[in-house]
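Next come two complexes built around chain A: one with chain B, the other with chain C.
== the complex of A and B ==
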């Protein structure tokens, strides 16, 4: 049986083909090839051997103590960053949803941290935390909260939280704007009806705003989780995975394994593990938040 | 007709080369020249000397440089991709893995380069040798130096630099007690490429080693020098509080700046930094910084320190091609040996401009070089004596690049009080054994 295509279908197929071809070359092929690489024991400094090892790289990494540390650090970093970003973003969106003078200007200013390049953001916060000339030390000493300058990023108990703070500063504005857009779409009738029913401000927030925000929240949660779980630039600039292993996250481990140890096989395997973890989390968010929403 | 076909092909090759960018361009540019890759150090001096080389020999040079931090990865990816490299700067730490990978060619059969061994410090030649073969000619050779701020010492009534690490503690405590500064000792223990040199210098000064003569790990031995050095570091931070806990955040360059600001009394720095530290344009404490012998640690302590070398290596592809080899050898000799006038002009330039010590023994007699040490280090005697006690890192191996990541973490975890010296260095020794086994 011959497939009969209309003129429009054929035209559409012809127009889409070049893009598909490009996608195959720049996306599908690298993805499949990196999976193939992950099944080999490729160490760049040993170019004469690259044995096929099936899933040994995955097995090795899953049993590696560094992987366990990295998962722990990544989880902590992601939970803190996503939670604080989302909560702050809801607050800021609620504030910006009110009508007041200068609202538009504030909306524009809010975007500044988000528009700052990640490298600049990392350097800025590194300087703020600097133990010799950092603004944070100067401020805290002036306020009498500490006696002398401290090496904040050198404290393994604080490192991850301080990096998280730098990430939140950059990520929160976009999250707030995404939520604000959703908030603006909530019909005023709902609030008026709630008021007629005698609902307090808090009750209106819980029973009207929050349910209506779910699509926006889902978007923010998925986006922020995917960004946080794979975050790399701040770790590279601010701590290089240190001190010790205090900021040794999954993306940092992938970098070390691939570009420092030059183990492309295990590096690719780790990348796949991280990708699977990201997909799983995104799916969970969409499944549960999406269902409730429907 | 044939002529036309060839020119079409050539034109097409040109187009492909342009489209491929860097590598193609490098190949095209280097036809009849030398492709040289280095890290972004002494760039102006290198460029100036390349101009002189091109003028004196008629050989063109295509020079590329990358930041030091990314250099190894950049070089490896180019070597794996068969980029047309003739000569490259190489760190002694990479020699075994590069030689094993077949990315470096030995120079044993190149008499015009080998003859420089007669005029080079033995330690330098050894550092360029792997499995009995020599792989290059030196770019520079240096060692870790213990440096003191004489002004701070004088303020505290200290007349002589400490000769043992115990004395370092005592003098630091005295400086602290006098209220001169909170942390008299500065060590850059941030996890950058210098950390292994710092901890090797400390370990050697405690009479220790990381591995024995057979390359077996002894770094975790409870009575070994590495554990003793780590314990001393731990106590300096947590017991005596003479070294800031933030040292783990301080990378070498920041340490240099901090010491140059006069905020500390003692430090360990690469010797070549003495010039910057005593330069009024670069350091507040200029004129006050002097090198001293590395303090001895514990009952088996020595004044030994860690030395290293960077050298010019030639690739097998360049060596295999007669014309390329001839040009590359000329280049290496001009830069790492004597120029066409018979002088170590580049070695001397590097020392006078940058403070980079040379492996070539004859230049120590040069009046300009002697003046240099007098001006920037208060004389060259201590530097020369310390140079004689410089030891190659004993952990240089084909698996060094991978092991050193774990090493940095292990030393930092001791400094952070997250692991005992025995546990951290024991685990580090296990990692060494694991990588060594895996390499076979």
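== the complex of A and C ==
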């Protein structure tokens, strides 16, 4: 049997070929290769012996105390970052959805954090948190909220939250923009009808705005979770996992395992565990938020 | 009246939150080292000046560095800043151009042509973005090394191409699907093949989406850190974020210098975002309403 391709099929093949070639070499192949690596005991300081060990790397990591710490830190960081980003974004979207003078200017300003490179975001907040010369100490002392200067990032109870704060600052704009677009699509009739029924502002928000926002909210939650859970740049710049293990997240553990201990096998296994965690969380969001919708 | 007061209050809070941190960075970058290390800090530069920027653009000349008011010491990476700025620009422009070229044809095929394996192609493209970057770093390093591209601009261009292409295709597809199908049919009746339809119908009609795609590709390349950290090793290919991160983690670097470097890194993306705001917002939110 001869395979006959139509004009459409042939054209499409030529048109998608360049993209598929690039993705095959720099994405698909590395992804599969990484899985293969995760099944081997590869340590770069011992280059000649790299035995195939099945899922031993995964087992070892799942039983490793550092892994447990990292999962705990990553979860806390992600939950805080995603929750605050979303709540803040809903507020900002509601605010920008009002019509007032200067609205357009504020919309433009909203792109400032979004466009800021994450490395600059990290150095900027590190500088704000600086124990001696930072803005935060000066501001809080001036307002009378603290008596003396503190080493903010050196406080294990606060580190994760302060890094999270930097992440929220950068991520909130995109979330707000997505929600704003969804909000603008809500027909005015719904609000008018609710007004006629005597609903208060709060009731209108709960019964009209929130249900209509659900698709936008879900998009924001899934997207923000997927990127927060893998944050790395801020941790490298601001704390390098410290103080102690206060900001020792999964991404940081992968980095240390791979590039400092040069254990590529366990590093790759950890990466796959992180990918699975990401999938699981997105699935949970879609499942629970999606179901209440219907 | 109460409403106007509330809006004014919220506007003030909004500006303070969104712009405050960047303004503080800007203010710090215009101060001398002795002014920046005052306690309590100077909110505004007492004697605003461009010393730090001059030091950066004199590419590691220790005289310019000393002129800023501290003893003659030059951070080891200072000479690399200017080359890295050039590298970042080069990578960004290459990625933006190539990204558009390959995404355009692929998005056209997926959005317009009903071919065998259309869905599979789309899902393959999108699925490559689901794996965290950090999981890709090691195997990618090995692939790039085998290609002989380690520590080259080319390595970064190819990598960022793979990173940006899925999103560009996503934007372009949702834009193409909004273009009336009748225009496509008419062009086919007039004797256009797929190439002709792409050139004469889809390309001219999707300018906003194309601008958005260019912007994203450039901004992503400009801001990317992790891959650049692993794939480049010297000033020949290192990009701006790598050099800046080096400054931040080097205790001997002065704060004012770091802050000025930060301002330089922030400037191009912010300017682009402001100039192309309309396209960026419509590109970012493409598909958000459809849910």
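Keep in mind that, in the parts below, the second predicted complex is superposed on the first by the 284 of 294 C-alpha atoms of A that agree within 3 Å, B and C clash if a C-alpha of one lies under 4 Å from a C-alpha of the other, contacts with A are read in each partner's own complex, and residues count from 1 in each chain.
Here is the rule we go by: contacts are C-beta pairs under 8 Å (C-beta built on N, C-alpha and C of every residue); 3 or more make two chains touch, one makes a residue touch a chain.
The shown structure was predicted, so the numbers you read here are calculated from the model rather than taken from an experiment.
K.L.:
Considering only the touch criterion stated at the top, classify A:132 as touching first (chain B), second (chain C), both, or neither.
P.N.:
both
K.L.:
In the overlaid three-chain picture, which partner chain does A:45 touch, first (chain B) or second (chain C), both, or neither?
P.N.:
A:45: touches chain B, not chain C.
K.L.:
Just chain B (first), just chain C (second), both, or neither: which does A:222 touch?
P.N.:
Touch status of A:222: no partner.
K.L.:
Which partner, once the models are overlaid, touches more of chain A's residues, chain C or chain B?
P.N.:
Counted on chain A, the partner with more touching residues turns out to be C.
K.L.:
Give one of first, second, both or neither to describe whether A:154 is in contact with chain B, with chain C, with both, or with none.
P.N.:
A:154: touches chain B, not chain C.
K.L.:
Of the two partner chains, chain B (first) and chain C (second), which one does A:278 touch, if any: first, second, both, or neither?
P.N.:
Once the two structures are laid over each other on A, A:278 reaches chain C alone.
K.L.:
Quick one: classify A:245 as touching chain B (first), chain C (second), both or neither.
P.N.:
In the superposition, A:245 touches chain B alone.
K.L.:
After superposition on the shared chain, which partner residues are touched by A:194: those of chain B (first), chain C (second), both, or neither?
P.N.:
So A:194 meets neither chain B nor chain C here.
K.L.:
Give one of first, second, both or neither to describe whether A:162 is in contact with chain B, with chain C, with both, or with none.
P.N.:
Neither chain B nor chain C is touched by A:162.
K.L.:
Applying the document's definition of touch, where does A:262 land relative to chain B and chain C: first, second, both, or neither?
P.N.:
first
K.L.:
Between chain B and chain C, which residues of chain A are contacted by each of them?
P.N.:
In the superposed arrangement, which is not itself an observed complex, chain A uses residues 132, 259 for both chain B and chain C.
K.L.:
Enumerate the contact residues on chain A facing chain B in the complex.
P.N.:
Checking each residue of chain A against chain B gives 44-48, 131-132, 148, 150-151, 153-156, 239-246, 248, 256, 259-263.
K.L.:
Provide the residue numbers of chain C that touch chain A in the complex, in ascending order.
P.N.:
Touching chain A from chain C are residues 4, 7, 10-11, 14-15, 17-19, 21-22, 24-25, 28, 36-41, 101-103, 105-106, 108-110, 113-116, 118, 121, 124-125, 128, 130-140, 142-143, 158-159, 161-162, 165-166, 169, 193-195, 219, 222-223, 225-226, 230, 240-241, 244-245, 247-249, 255, 258-259, 262, 265-266, 269-270, 272-274, 277, 280-281, 284-285, 288-289, 291.
K.L.:
Spell out the part of chain A that touches chain C in their complex, as residue ranges.
P.N.:
Checking each residue of chain A against chain C gives 7-9, 11-16, 18-20, 22-23, 25-31, 33-34, 37, 92, 95, 98, 100, 102, 106-120, 122-128, 130, 132-135, 138, 141-142, 169, 173-174, 177-178, 181-182, 185, 215-216, 218-219, 226, 229-230, 232-233, 236-237, 251, 254-255, 258-259, 264, 267-268, 271-272, 274-275, 278-279.
K.L.:
In the complex, go through chain B and note every residue touching chain A.
P.N.:
Those residues of chain B that touch chain A are 73, 76-77, 80, 97-98, 100-102, 182, 190-192, 244-249, 258, 263, 398, 401-402, 405, 408-409, 412-413, 415-416, 418.
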